[in-house]
Each structure stands twice: as C-alpha cells, then as structure tokens.
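Each of the next two complexes has chain A plus one more chain, namely chain B in the first and chain C in the second.
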Partner chain A sequence: MKTAVVIFPGSNCDQDVIHAVRDTVGCEVNAVWHREEQLPEGTGLVILPGGFSYGDYLRSGAMAARSPIMGAVKEHAGQGGLVLGICNGFQILTESSLLPGVLLPNKTLSFICRPCFLSVENTDTPFTGLFEKGQVVQFPIAHGDGLFFLPADELNDLENRGGAVFRYVSPGGVGGDEWNPNGSVNSIAGIVNPQGNILGLMPHPERASEAILGGEDGRLFWRSVASFLEKGGRRHGLL
Partner chain B sequence: MDFSKYGIRKEEFAAAEAALGREPNECELRILGVMWSEHCSYKSTKHLLKHFPTRGPKVVLGPGENAGIVDLGDGLGAAFKAESHNHPSAVAPYQGAATGVGGIIRDILALGARPVASMDGLFFGDPEHPRTGHLSAGIVKGVGDYGNAVGVPTVGGKTVYDPCYNENPLLNAFCIGLVELDKIVSSQTARPGQLVVLLGSKTGRDGIAGAAFASVELSEDAKESRPSIQIGDPFAEKMLIEACLELKEKNLIVSMQDMGAAGITSSSSEVAAKSGVGMKLHFDRVPLRAADMEPWEIALSESQERMLLIVAPEHMEEVSSVARKWELDCAVIGETEEGDDYSIFFHGEKVASLPATLIGDGCPPIHWPSEKPADFETRWDFDLDGLPAPGDWNAAMLSLLGNPSMTPKRWIFEQYDSMVQLNTVSGPGHPVSVLRIKGRESLIGLVFDADPWKCCLDPFRGGAETVARTVRALSVAGAEPLGLTDCLNFPSPEVPGQYWALEECIEGMAAACGALGCPVVSGNVSLYNETKSGAILPTPVVGTVGLIPSPEDFLPCGAWEEGDLLFLVGPCNPSLAGSLYIRSLGRPEAGRPLEFSGEAEKDFSERALRTARKKAAHSGRALAGGGLAAALAKDSAESGCGARIALGIPTRKDVVLFGEGGARALYSVPMSRVPLFKAIWSGYPCLELGRAGGDVLSVGGAFSLAVSRIQEIWRNN
Partner chain C sequence: MLRHVHVFVQLKDGVLDIQGKAVANSLVSLGHDSLGSAKVGKYIQLWIEADSAAGARKEAEKMCDDLLVNPIIEQYSIEVEGE
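What follows is the complex of A and B.
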C-alpha cells in the first residue's frame, strides 16, 4: 500500500497521518509538497490530511483545492485510485468537487475537539472492509467547519446509494441530535463517492490508532485500506 | 528635552546621557523608552529574581535565553517558558490572547526546538460582571484559533474566576518544545561580518511600543491603547515554524531571536549585546506593509510572526530559497561588525547610534519602597467557632462543585485542539497533562497552577504553596520534577504594600524551589495589573515540567475500582484560609494559609513517586482547590464509582473536607496492594477513609450525593 500524504501550506496533521499509517501498516509513505505536479510512481492511496491549509482564509479548503498537486490527485482518482480526505482534507475534496456537499461552520459556531462515537454504515468500501456493519468506533473530532450539508434531493441520492459511510451516534450506536456534535445533516460524519474510491470524513482515525493515546479503532481503518489494495489494488468496475 | 513623554525617568535620562557623552536624539529616546520599560528591562524585579535557584542537575539552559531547557535524557531537551499577555488581552481579548500564544511559541522556536504543546492560564472576573462574558469568550477563542491553526495542541491549563480580574483579566501562555541538545540554537553566537536577516511577515504599524503600554496601569479609555495591540496570523506562524526548523536542520542559522516586545530593536540589540558584536541596520530594507513609517516606528513595531536570523554570507542564497518555499518574506536588513555600536540607518542617514549593551542592560534598577501593609496580621484573624458548619451539607457540596473555578471547563478546552501531533496521553481536564515522546519510553508531565487567594493572605506562604502544588501533582502522577517556569502577575510596584507582597511571594517561591530541588529555568514578570477600580491579587503562576520514566510509571487519577480502599495521606489539619469553600460562602478571605514545610513536602514527593513506580495504587490525586471534598467528588465522577467514607477523626468535618494546603493526596488502593501502600507511607500521616463502590458518594455525618448527580453538574461545564 504505497501511500502519498499531500502537504499544503498550513496542513498540520500530515506528520500524524504518516505516523499512524506507518505504525499500523508498515508501508511506504511519501510526503508530497503541494507544488508538485506528479504523485510518486505506484501510489495506491493519496491522503489529504487535516489542518488549516492557507489558514482557512477565504473558506476552508478553497485555496488548497486549487493547488498544483490537485491535478494529479484528480487524475489518480479518475483512474480509480484511492483518495482519502480527513477533516481539512474532506473540506478540500468538497471544494474540488471530488465529493458532493459542503462543510459549514459547526452548529455551536465554535471549534470542537472531543472523542466521538461513529457507526460504520457501509462496509463495502475500500476503507471499511474489515469493520462490521453497524460497528461503533471512537474517533476524535477537531474542527470548526464540520457541519456536512447537502440539499434534500442530493442527500436522498447519497443515502440511497449508501454514500454515508460514517454517522455520529451514541456509544450504544443510537443516533440523535445529542450525539451529533456539529449539526451535520443526518448526522453524517463521512461520505464516499459513487465509485467508492474517494472517502472524506471529519473525524480523525489517525488520532485513534494507538492504545497509549486512548484508542485503537483507527487501526482497522488503515488495515482495511491495506487489505483492499493487497487484494486487487483498484476499485473493481472502474479499471 | 522632555524625556518623560517617552516614558523615560530623570535618572534614566542621566544614565543615557552619561553613557553617550551627549543628549540622545528623539529616535534613540523612543528606543530607550521602550527597551527600558518595565516589560523589557525588569528594572523593578531583576534584583528580586536573583533569589530563585536556577541551577540543577537537569538544567541545560537557565533564565536569560528565550526559554529554559531541561535534560530529558539520551540527548533530548525540553525547552519551555510561560509568558503573560495581560494588557493586550484586557483591551482586545481575541487578538491579545492569540498573539500571546503566538509569542510564546516563537520563544520556543528561537532555540531551535519544535513546539509540541501549550497550556494557558486564564484569570477572569466575576462571572456575573457584565464584561466577563465578552472578555472570557474572546480570550478563549483567541487561544484556540491560534493554537489550533498552528498545530500545537493546548493540553492543559488553569482557569480562575475572581472579581479582582473584572477589568484586568490575565492571559498567561505556556509552551514546551523538544530539541536535540547538540542542536540548540542560541542568541549569543553571532560573529562580526555576518548578515542580519528578517524572516516572516511584513512590518506594519500594529503593536507600536506595546511593551511600554504593558508597563503602566490600564487607562480608563482602553480604546486609546488599540494601536498598541498586535494582530495575529497563525498561518504565517505555521510557515515560520516550518521554515525555521528546516533552516536549523540544514545548519544555515548562526543565531536566532524571536521578535516579540519591542520588535526589531529588542531582538537585534539582544543578539548584538549577548554575542559581543556591533550591528548596522538599514531600515530602508525592511519589508513594510504601511507607507511612510518613521524609523522609530519600524524599530519598535511589534508586528507578529517575524524572526531575526544571523546568517553567514555564503548561506544567504539557500536561506532565501527555504523562505520562498514557505512563502515568507526574507530580507537582509544589516550586518554584524566588531565592537559594541548599534546603529540604524534610514535613507542613507544615521538616525540612531547606541552601545548595544546600553540598550539591554543600561537601565538603572529601581528599588521601590517596600512596606508590610498595616492591616496585614489582622487579615489572619479568623474565628472558626464563629463559622457554623453547613446546615445542608449536600447543598454546600453542590454549590462548591458548581463554582466556576471548580468545574472542569469543558466549554473552554473543547475549543482547543488538544490532540494534534499525536502525543497527548492525558489532556485537559486533568491535574497533570502527560505527553509521550515518540520513539522513547519516557513521558513528560506538565502542570500549570496558581493560588492568588493564599498569596493575598500571606504572600510568602502562598508563593511557596503555588510551587509546592505543582510538584505534588507531578509526584503523585509519577513524574519527577525537572524545572519550572513562572509568570509573576502583580499590580503596580510603586505602592509599597504591593511591592512588599511581590518580594514576599518571590521569597516563598524560591524557598519551595530550593527545598524541592525544582529550579526556575525561565519566566516573565507582568506588573501594573490594575485599573482605577482596583488591583489584581498577587498572582504568580507556575508551570512545572516532570519526567515519567515509562508509561507503566504513570499513575492516573479518577481511576477507582469497586472494592478499592481509599486513603488520605498527609496531615488532617488543613486551613480554610483562602479556600474555595470560604470564598464560595461569600465570607471575607480571612485566616492564614498553612506554613510551608520543605521537609514534609520533600518526604511526600519521594513517597508519592515510589507509590506510582511500585504500582501501589490504582488512582492518585494531590489535593488542591476545594480540598478533600473536591478530590473525592472529582475522582468519583471520573471513575463512575461511589464510596462510603467515615472520617474517624475529631477535627471539624468542614475543615477536614474543605480545608486546603499542605502535602496531601487521595489514593485508591486495591486490597492486594494495601500492605505495600501502607509500608510506603509508614511514618507519614495516612488515614483510611473507606471503600470505593456503589453509585453514591457519601461521607458519614456530612454529605451523600449520587455519582450521576456530580457527573451531571460537570457534564456541560
């Protein structure tokens, strides 16, 4: 599972995600500066990490979506390659139109950092294959603009195709406003594109990948991707 | 010459004139006015700070540099410092707090260390006061927005509410970074013939002479002070951090200094004076963001996110290319030379020429008159018999637990990214914040604490108690203290009673540092924290850093298990003086805090460390604000486990439960470890309190509360 982590000016979870992937899967991980125009040869997974690319000035993710490297990321995705956006990376994916929807300011209008419980709603993706459907995992969130929004008709489409991969729930797996920290529609925490190769999520699996930091649920996430890539590399149906 | 309008006193003008052999010109006077301000020169406190022990086996770098460094073993050091940003936060809470965080991060960066964690000390007014909501919301958002964007986690802190901070809130920012001991960057290593380089944001009119503004009482019309406020840009800071660390890794920097108070002048003259070189600066070459700036404005601008580098000429091209990568301005603004002359040129004309050593060290010290306040001893008069025991114990407990100084402050710390960088083992909401060091066994323990009420009642004992509290908390968690940093927040030193309290506080802190073997490695002083409506309480804030040898040696709190025996170690005669209980009763803060006993503290710390290392307990918590009652409630709520306590001692229950001070801790011990635990604490007061279990926390003859009730109070606070 050769992985490329893109570093934009203002990214600040790039080293964290490099650490978590290396520590869990032990694979080759390359840091790619946003001014590059090519991804390293043989890249299987591209990660757009969390942080405040360009200081979140203008709008979260808006400027990074126009960075030189994004051409190569789009090309990689178009060929069925895996792309993962975490937090600010998710915002960059919606700003690049690689994923639908938009991330608005949290309903509290404040930044929120806390552990959250998520149910894994779709296990038929390259990122969630090793989870049980409906499994509750704990990943922390840390964001100011994490309210996922889609107009009603597009939201229906997304739900009907199983595009909502992660939802905020109670520790027991029950939904409800009380467990939805930022006010996302349908408590959506993470989505996947129709082809299944691009995933964006607000919570941070890399922060839940070591027991000493309080949780290991994230390891299954990285192992899922590794296992998918080992078995065939690319999303079937595309290439 | 009217020097007073530049904040220069008569004897200071005379000193400058004598050193120069002529009258200083206006530009020079403005420079000296800021550099010799209290904030920059420490003229009122320099001689007092000499009382602090600053050396120890683990100290690599003591006070005098941008931050102190302690040895973590195997060639790694921890650079840390705390700094106040009180006056700016009082006038413009959001920007004041944000730039406070940015400033302390650059202090750590200046040593070549990567900043890995921050903490904040927040001192707000009465929650009911009309300004408190606005000030506290702005300050918290400022700390969060800056730290979050820069990617330095805020892992802990201290928040206090008291009416004395109504008009003058305090913001103290702490930062710690990691640096290989053989790669420390210094501000003392410039040599003649090297380039003076300005890296980072452009220089503007923001924050002109902010240091001078921080050296007088806050004026009634705070708006007048707005031009002294700096504006923060965390994105630029993030670029600056990465650029400076890349330059360090490539060995392209000879010397480095952050630009904080007094901007270019302070940073460049400090490097010149400490390195023993002269310097020529050409202000036409400074990248500006405002038109027509006067030379003195350029000299004293406190525009943020700038660093001063000293670079060997042959490395300049490479330095410029790293700056371009991180999209930062980078300009050669001068050169070093032999001698001590510090000169500024503007449009070909020499506008200032001062000896570098005069700028930093030439200010004559001030020994303000000191006098113990006449009513001082009478503050201790306290008639315990006149204080009725609580009629309704449950109500008294609930009121104590709901006190804003007691609640966990979730609304604050959830606005902070406390996890980025993947090192946070124990984050905010705990008495000790714990970081792991990647690739190593050992953990770092951090505590930030203050007790202004005890410092008010008896500044010596309060100062000692403040230091001791941090060391107790670390020891109980299994962390051996390595050193500390302090922010001394006080009102005007020109009032003899207030100056006396400052002296006494420092003496008390120094005594505790000495007794506990915990030296002071860095810190700052913030005076003139007062407005027309009053002065703040003496508020020394202490940040102490400790080392835990391995994850197994870390003893958490709030980890009771069913069936554990609970023990109180330490004396059963705490004092209600200055306690949270007395304050929440609305009683005058009267009485005298406990006497500091260095021997007892040392003994306690050693036993506490042994308890953690020998795994003699499941959970341990040093007693602090709210005393035993608060510790029981916190541990119980966090453990989700009740307890039945019987206090089999004749002392008044309210004193035992709510009293504060002294080396005490609450432990929960599994039955199998009780003999070991008792052996460790044999010869030290150790009282069995009862057994953990059930869903009710009850103390016989006092209160009985459902654990869920306590959790409920704290859930949304």
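What follows is the complex of A and C.
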C-alpha cells in the first residue's frame, strides 16, 4: 500500500508512523509537507499523524484542517481512498468535517500519556479487518484534548451504524468510567465515517508496533490496512 | 477605516465545559460561596478594514464561520466599535 504521511508544522509523530508502517508492511511511504496541494500519484492510504499542529492554537487541529494539502486529502477521501488520523490527526479530521464530533480537553484537564486498553468493536472496516470483534488491544495515548464529544442524537446515529470502532476498556475487556481516561462519550477512542474509509483514533497504534516499545498490537492494524488495499479495496459502501 | 471588532466565543449549552467547572470549583474553594457556576470562553479582537461597521461585522462573521468558531460546540457574538 502506497502511503502518504502529511507533516504539519508541529507534527511530532510523523517519523514514528513512517517507521511503523515501513517496518510492518514494508511499503512505500512518502512524507508530504502541508503546503503541498497534491498527494503522490497512486496513494492508497493518507495518514495525518499526531503532534501539536500550529501549537494547538485556537482549537486542536483547527488551523491544520485549513492547510493547502487538506483539499487533496478531501478529494482522496471523496473517491473512497483511505484516510487515517491519529491523535492530532483525529482532531484535524473532525475540524475538517471529514469525521463527526469534536475532541475537547480531557476530563482531568491534564495531559495524559500512558498505555490504554481498547476493545475493537467493529472489524468490518479496512483498518480492523484482521482483528477479532471484541479483541482487546493495547495502544498508548498521549493527549490533552482527547474527550470525544458528539451531541446525543448524532451519537445515537454513530452507535447505530457501528461507527465507534475502538472503545476504552479494562485489560479484561470490561467497560466503565474508570477505564475511560479522558471522559469521552460512551468511552469512544476511535470512530469511522459511514462509508468506512476514514478512521480517526486518539490512541497511537504506531507506538505499539514493536516489542521494544511495549507492545505489538499495532502491527495487526497496519496489516489490516495493507490486506484491504492488496485486495483492491478502495471504494464507498464498505459498511 | 480600520474597525475594531470584538468576538466572544462560548461553548454551547449542553457541551461539557470542563474548564468552567474547574474554575468554579477553585473559586468556591477560595470561599466565593455566592458563585452559582462559571463558563470559560474565548475573546478574540480583530481589526478589519471596512467602509462601515456593518461591513466589518459581516466580514467578522465570515471569519467566525471559516475558522474562529466550531459550530458543533461553540456559539459567538460580535461587537463592532462605533456600531
């Protein structure tokens, strides 16, 4: 899968994600500066990495969402191309209206950096196809604004269509407020759009992609995407 | 002429205002028992070149829609000096 990682001023997980994708699936990965207006020819997956684009000024992801490259990202998404936003990338996707909702300051009002356990709630997406439904994985979080919020009626719609792909749970897979680090509604850690080609999550799969980093659950994430793209998947109506 | 525009951005009712709650709790713990609640928002000042105050307001509204305000969670009001 040919991958493009967009770098905004203030991105700081771009090299981590480039390393994880290359190391795991050995594909071509191109770094794309945010001032560019086009993605490299043949890009299958676009990744908006974590970090603090534009210093998180105004609202996290607000200014990056208006960067020149985002026109090309929207076009790619509109054609059914895969887009993944991790942490600040997730915030950029909501600010771009490519995904619903918004990421608010954590309920603790503090930056939280620690391992988290997630339940994979929907395996019928290009990003989670190789996981078992309900499988518990460990991806770390590192964010200050990670409280996923959506008005009640839209939240119902999201849940009814299986849009909540990852949820914070205990190591044993039990839900509850004590396992929800940031106060996200319904303990939501990651969501997918109705067409299934745009996914955003706050935890970092790229930081759980080799044993030396404390976990390898992230490898299955990258392999899922690669497997989907190898089968020629690139269209709407996936769910 | 350059017109001074004041933009006040607040979280909509029903959106969790964690900062407002934390500020209220701190004030109460300092002995301000009369406090009912507190909300934290943003105050943005703009200086806009416009022939009229109404023109400056219109331009500021566009800026709010384009970037300054996220309508999912925020609402805003605008004051234009001289209006």
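Keep in mind that, in the parts below, the second predicted complex is superposed on the first by the 234 of 239 C-alpha atoms of A that agree within 3 Å, B and C clash if a C-alpha of one lies under 4 Å from a C-alpha of the other, contacts with A are read in each partner's own complex, and residues count from 1 in each chain.
Definition applied: a residue touches a chain if its C-beta (ideal position, glycine included) is under 8 Å from a C-beta of that chain, and two chains touch if they have at least 3 such contacts.
All values reported here derive from a predicted model rather than from experimental measurement.
*Asks:* May I ask you to decide whether A:Arg114 touches chain B, chain C, both, or neither, giving the answer as first, second, both or neither?
*Replies:* A:Arg114 sits against chain B, while chain C stays out of touch.
*Asks:* Which partner does A:Cys13 contact after superposing on A: first (chain B), second (chain C), both, neither?
*Replies:* Touch partner of A:Cys13: chain B, not chain C.
*Asks:* What is the contact status of A:Glu95 with respect to chain B (first) and chain C (second): first, second, both, or neither?
*Replies:* Touch partner of A:Glu95: chain C, not chain B.
*Asks:* So, A:Pro151: does it touch chain B (first), chain C (second), both, or neither?
*Replies:* second
*Asks:* Counting residues of chain A in contact, which comes out ahead: chain B or chain C?
*Replies:* If we count touched residues of chain A for both partners, the winner is B.
*Asks:* Of the partners chain B and chain C, which touch A:Tyr57 in the superposed model: first, second, both, neither?
*Replies:* In the superposed model, A:Tyr57 contacts chain B only, not chain C.
*Asks:* For A:Trp222, using the defined touch cut-off, is the partner it touches chain B, chain C, both, or neither? Pick first, second, both or neither.
*Replies:* In the superposition, A:Trp222 touches no partner, neither chain B nor chain C.
*Asks:* Return first, second, both or neither, reflecting whether A:Pro105 touches chain B, chain C, both chains, or no partner chain.
*Replies:* Touch status of A:Pro105: second partner only.
*Asks:* Look at A:Pro140 in the shared chain and tell me whether it touches chain B only, chain C only, both, or neither; answer first, second, both or neither.
*Replies:* The answer is first: A:Pro140 touches chain B but not chain C.
*Asks:* Using the superposition on A, tell me which residues of chain A are in contact with chain B and, in the other complex, with chain C.
*Replies:* On chain A, no residue contacts both chain B in one structure and chain C in the other.
*Asks:* Applying the document's contact rule, which stretches of chain C touch chain A when the two form their complex?
*Replies:* 14-16, 18-19, 22, 66-68, 70, 72-73
*Asks:* With touch defined as at the start, can you tell me which chain A residues reach chain B in the complex?
*Replies:* Contacts found on chain A: 9-10, 12-13, 15-16, 19-20, 33, 50-52, 54-57, 110-114, 140, 142, 144, 204, 206-207, 210, 212-214.
*Asks:* Applying the document's contact rule, which stretches of chain B touch chain A when the two form their complex?
*Replies:* These residues of chain B touch chain A: 141, 144-145, 148-151, 233-236, 238-239, 325-327, 413-422, 424-425, 436, 438, 551.
*Asks:* Under the definition above, what is the set of chain A residues touching chain C in their complex?
*Replies:* 58-59, 62-63, 66, 95, 101-102, 104-107, 109, 147, 149, 151, 183
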